[in-house]
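Take a look at the structures listed below.
Note that chain A is present in both complexes that follow, paired respectively with chain B and with chain C.
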Partner chain A sequence: MTALDNYVAPTSLEEAVEQLLELGEVTILAGGTDLMPQANAGRVKFKRTLMNIRRIPELRGIAREGDEIRIGALATISEIMAHPLVREHLPLLVSAGDHFASNQIRNAGTLGGNVCNASPAGDTLVPLMVLGASVELASMLDDKLYRRTMQLPEFFVGPGKTRLATAELLAAVRIPVPPQGFVARFHKFGTRPALDISAISIGVGGVLKNGVFSDVRVAFGAVAPTPVCGCATEEALEGKKLDAATIAAAAVAARDEVHPISDVRASDWYRKEMIHNMTKRILEDVSTTH
Partner chain B sequence: MSQQLINLTLNGVPTKVSVPVDMSALEMIRNVTGLTGTKYGCGEGECGACTILLDGVSLNSCLLFAVECDGRQVTTIEGLASDPLGLRIEKAFVEAGAVQCGFCTPGMVVQARQLLQDNPHPTREEIQRGIEGNLCRCTGYVKIIDAIEAIAVGKES
Partner chain C sequence: MPETIQKDSLIGKRITKLDAPEKASGKTRYIQDLDVQGQLYGKILRSSRVHAKIKRIDTSKAKALSGVHAVITAADVPYQRPIGVAKDHLPLKTDRVRSTRDEIAAVAAETEAIAEAALKLIEVEYEDLPILSDPNDALKPGAPLIHPEPHGADGSHEHLKQGMPIAYAGKPDNIAMTFDYEQGDVAAGERESDVVFEDTFFLHYVTHCCMGVSGIIAEFDSSGNLLLYSNTQVPFLHKREFAEILGMDPARIRIIQPPIGGGFGSKLDIYPFEPITVFLAKATGRPVKLVFTREEEFLASPTRQPVILTLRSGCRKDGTLTFRTVNTLHDNGAYTSWGATTPFVMMQTISSLYRVPHCLYHTKAVYTNNPYAGSFRGYGNLQATFAVEQHMDMMAEAIGMDPLDFRLKNAQDPGEVTPQGMHFKSCGLKECLKTAAAVSGYREKFKANQANRDKPGRIKRGVGIASMLHVGGGAKIYPSDGCGTILKMDDFGAVTLITGASEIGQGSETVLAQLVCEELGLPLSAVRVVNNDTEITPWDVGVHASRTTFIAGNSAIGAARKARGKILAAAAMQAGLNAEELDLRGGHIVETQSGKVVMTLSKLLRQLHFNDKAELVMTSFYYEPPSKHQDKKFKGDVSAAYAWATQVVEVEVDTDTGIVRLLKVTGAHDVGRVLNRLGIEGQIEGGIVMGQGYALTEELMVENGVVRNPGFRDYKLITAPEIPEMDVRFIETMDGEGPQGAKGVGEAPAICIAAATANAIHNATGVRIMALPFTPEKVYRALHAARKEAA
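And now, the complex of A and B:
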């Protein structure tokens, strides 16, 4: 076991990934809102080097690039919620952010941090999956800065586990600009409105045209080791008229396709019931959108 | 544990300190620079007693690494004593009787400043949402909300 004995604060993405490759044993620090309490509680052990990535300009900013909106890994939840591009094209992220912890934590916590922590209950993950987001991963390859992208569902492996390679850094989250008529909802269910960890969360998105719901994406949080796609629910909805029968069938499909655990926050039975009831409620809300 | 030398502006004063790499900004503020107005409540970002401003934005200093303060502006409750809005909030808290044991008060005042800076005329509900990251175990919040509302509606005495 090596103790933390080195601190680096690179000022460019290239420098950061070079150092990651050289130093090997590195703990990444972004907002710190998860790292600090996890380290204090002994759930995370610092590696030899603490790398503060907050001085890297390439990891900041929110911008439109072609048909995508690129959100830098260091964008805080507050910055995302206030950004005009997000407010115009991705209102789902604004409403999800509203349920994220507290103002102080939204001001410090970063999107990249929330994604890399890969909590099954991570508040931004379900909305990002509904929006079809991918992650942009940076590393050094043949002495050059190399970037690859990966769809979010593929990125998550288990609680706290991702496909991020050892010498790789999450640089940004990329979200396709949703098409005309795209409607989306996120619902987080916990026992209190602020600073709670979800017992379950649900995200639904799709294009609603003349009452017909298509290009449907459904995702669930806190019902599996990772946030998961609600593929059976999507199938129950795709191309259908969003009437009472479709909604009822989709809610049943949702309940039947999740396999949650019982823990301190809720029992498996309760989680399944909540998935059923909330899916129904969200879809009823979507169906009344004009 | 390796030490790191950092330069920050603490309540307007350029300050140089040496801190362990894993130290929180809260520990630095209280134990290295000796400003004890900022309180340690839970150490997990749940209670807001340690709220400070970093480059003018409120956050929990217990979750902030001290090294991250390098090159930045840190404002604590002591710093709000020379801030016009901070002073108004402090006065409104006193007048509304919003202080009982006082432990949450520094964090409450700093967060109230953030709230009123973002939204100078919040409704009572917006005030509640704005301070949802700050716990008070004495007042039941009513007088704290009254104090912030007094400023929001310009009814300070």
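And now, the complex of A and C:
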């Protein structure tokens, strides 16, 4: 007996944001892989209107637009993993997809949904941050379709909370095409190889030239209310040669800059230890394979 | 008609389960899929407090909701009687709640959604009581009493019926059950010892996670007869129990078991939701169906019992075991189910898995405000084996003996009667040990891994061994361990096998059909098994204790042999031959020696049916063979046969993360004889994975009486990529009493995985962990502590 009064299924982005503005209280349905279990468990309450956005063509597709790759909000994890542009330029997303839930969920779950769900343990969020992604947000402004973009770290506010405005829809994720020599790694640390929620996750990316690491980006998942940047770790690595001393210093910096909590999945102490050990492992892997 | 037919046996063949096509194609109708004309849906309101007095319940708003037919509380069912193993438990709680699963009220409504909405309208006022969640505190002076003298529905004593059982009428302390056992003189044993170890082992909460959640449908007919569609594992015992709880004549209760989506012991007791559903059916005059949600299944179905076990054991330098002293504290939870009686089984492993002259054993199950523990595959044996088999490795190391040799030196032999009085008529333990070790390369790997421990590298490999002993020929728990069979043959040579033994997914109906076919020379397709209706099937004590193949198998063979004798006698008369020279093969009567076909079976059967002397309905029964039952001091035999196994586990430990990966399990199982090879492989593989979950990933996290992970997201069952390579060998000891030589194997494969894994982790890292499960964090902490100590 949910208090769902209204169901809409707009067929264009403009229609969707118009309806959002008009209806106010709306629950968005994309892949449903987070929404439905959360609703069934009583953690999410449906608002008056359920909006199915799956019929909006502008939210689909993966394409290159200038120096960016635009991934429509409705692109499923499976589509992303199989797409030639992603495979060529953003292999990090492919390897992250490999650790994403199960095949069934990857076939239904969307990138936009994963981003808007804003779980601190969301599997695509850390890699997207490492890739410098931004979100494209659509709304109605002065009777016209208006789009703004926002850097990902700015977008996240807390678990399940984002800066998405009430009448706004996440239309796409935009990722700059990485420069020559860009290498990146994502490590999801859970306690089992499939269908796991990560206890921590780490993403590292940067340009490696002659053994020197620059333009470094580090992000951590499941150690704070949102995915977070590893600024101190970036600093420990920026412009340095990836030798044992640098790696050791970066791993310590990583451990010291995170402040995780204890929950059913892991204690804060263990999470910090794993941030240290896995940062070290990732960096060693980068230094030995490139 | 063929001229000759040669003998062909089904025993040991790979036979697809009879119910596989229905299950694989999704057509099986479990209780979830069953609907009865006019049924209502039941839902239960459970406590939102861990331990509290119930001050007030107001159901008026729920009753007023449209579509609600009944809202009941304890006050509405004054005829309630306590349930459970110790009868300490009313289905609907009166004056207090003792755990968060406690049932306060129940609703019957037109739809599940309405019932759900009605629950939210019930108001309950509580007065919190101090929570007792640590079993160590249960016996301390001043500990909150979990079962003080109860009050009636209105809080007064007047509503307490006369003659209520003691356990319900109030307990002066928190002790639910104790077991004490003694053999020899442990002090003398200790004096003879060169090495003595004492350690405390911590066993955690896990739960069955049956794919089919709990459920029941209750329906009264116009004459007041009660029909239950129930997933119970013990329909005949439950008829009587339901009758007692409901104050009914047992003869008026009929139980039909729909196909059951897994039991593993969880359905061995009556739980409050079952009588509550009957109360709702009574209150509404309509059939009521109540099926758990998955979350409810985690919160309100039983668990394996958590145990704190202190083991003191010793041996001589030559490797002879000298004594064992065991003290346990079982967390009983708020009420007493079968979990409290698991020390009965643990005792057998302590006293008789290996030869130990002196044993002293004390156990206490104490009440807490935690979930209550029931029966679970292995029945305490996983816990006992975990402790005993780790000490075996520790003692072997201390005296510088190979762990395999140490075990072989103390292993039992066939024919042995242990000091506890268990008689091992067939015993393949030594062969199990030797086979598992040889096939896995245990000795070499053990040494190589040990040598590799302190070398650099974050990944360490380890190999661990453990053995087990479990009942395999029924269990003399009740005054009888019997099972009856009715077998009838139709005009066309088809057999209906009506057995008391329940199928819970373990494959019993296939094995029983196979045993019958073996006697009657019929293909498996000729047999239909009827096994799920107390109105039709003969009596059976229930599906538990790995007993069905052995007990029900012998019973089925008995009926088949009667039919065979009758058929061959009639054929001999007709053909003018000797019955002893005839055999049944491929639906024909043949001469045994030559295989020459004498006549077709169906033709003979038709002739017999038209002959007024023909009786083609056979009945038979099997009760455990005479042997010395246990006395009050637990001396004597508990089973007609015992199953043995050794498992060697190979692990990889990532010392950076504490993740333990099971690479391979090599098992050698004394199963008496393999009947259905496909079935037994499936059972052993399934049991290994269940043991793996117990060892590594599964844990029902209970904090201050609250279950923190009631779902598969954070209650971690083993997933497909984690399942190890398995190499299972069968040791066929041909038990003299077993059906075709077979022994029970249902529980065996889950029992020693955790113990072997503990030994493997030690072999890999030098670190011994005495608390389950071996989650990455726990292993990492232990490795970290060891590194710190070393530095």
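One rule holds in what follows: the second predicted complex is superposed on the first by the 288 of 290 C-alpha atoms of A that agree within 3 Å, B and C clash if a C-alpha of one lies under 4 Å from a C-alpha of the other, contacts with A are read in each partner's own complex, and residues count from 1 in each chain.
Note that contacts are C-beta pairs under 8 Å (C-beta built on N, C-alpha and C of every residue); 3 or more make two chains touch, one makes a residue touch a chain.
Bear in mind the structure is a predicted one, so any value in this text is a computation, not a measurement.
Chemist: Between chain B and chain C, whom does A:K144 touch in the aligned arrangement: first, second, both, or neither?
Modeler: The answer is neither, since A:K144 touches no partner chain.
Chemist: Touch check for A:N277: first (chain B), second (chain C), both, or neither?
Modeler: Touch status of A:N277: second partner only.
Chemist: Once the two complexes are aligned on chain A, which partner has more residues of chain A within touching range, chain B or chain C?
Modeler: Comparing touch counts on chain A for chain B and chain C gives B.
Chemist: Name the contact category of A:I105: first (chain B only), second (chain C only), both, or neither.
Modeler: Once the two structures are laid over each other on A, A:I105 reaches chain B alone.
Chemist: Given the touch rule stated above, what does A:S267 touch, chain B (first), chain C (second), both, or neither?
Modeler: Only chain C is touched by A:S267; chain B is not.
Chemist: Counting contacts the way the document defines them, which residues of chain A are shared by the two interfaces, the one with chain B and the one with chain C?
Modeler: In chain A, residues 193-195 are touched by chain B and also by chain C.
Chemist: Any idea which chain C residues touch chain A in the complex?
Modeler: For this pair, the touching residues of chain C are 113-114, 116-117, 295, 656-657, 659, 697, 701, 708-709, 711, 713-714, 716, 718-722, 775-777, 780-781, 784.
Chemist: Residues of chain B touching chain A in their complex?
Modeler: That would be residues 1-2, 4, 21-22, 24, 43-46, 48, 51, 54, 57-60, 62-65, 67-68, 70, 111, 114-115, 129-130, 132-134 of chain B.
Chemist: Quick one: in the complex, what on chain A touches chain B?
Modeler: Spelled out, the residues of chain A in touch with chain B are 3-7, 9, 29, 31-33, 35-37, 39-40, 46, 50, 52, 54, 78, 101-105, 107-108, 193-195.
Chemist: Please name which positions on chain A make contact with chain C in the complex.
Modeler: Within the complex, chain A contacts chain C at residues 1, 41, 189, 191-197, 264-267, 270, 273-274, 277-278, 281.
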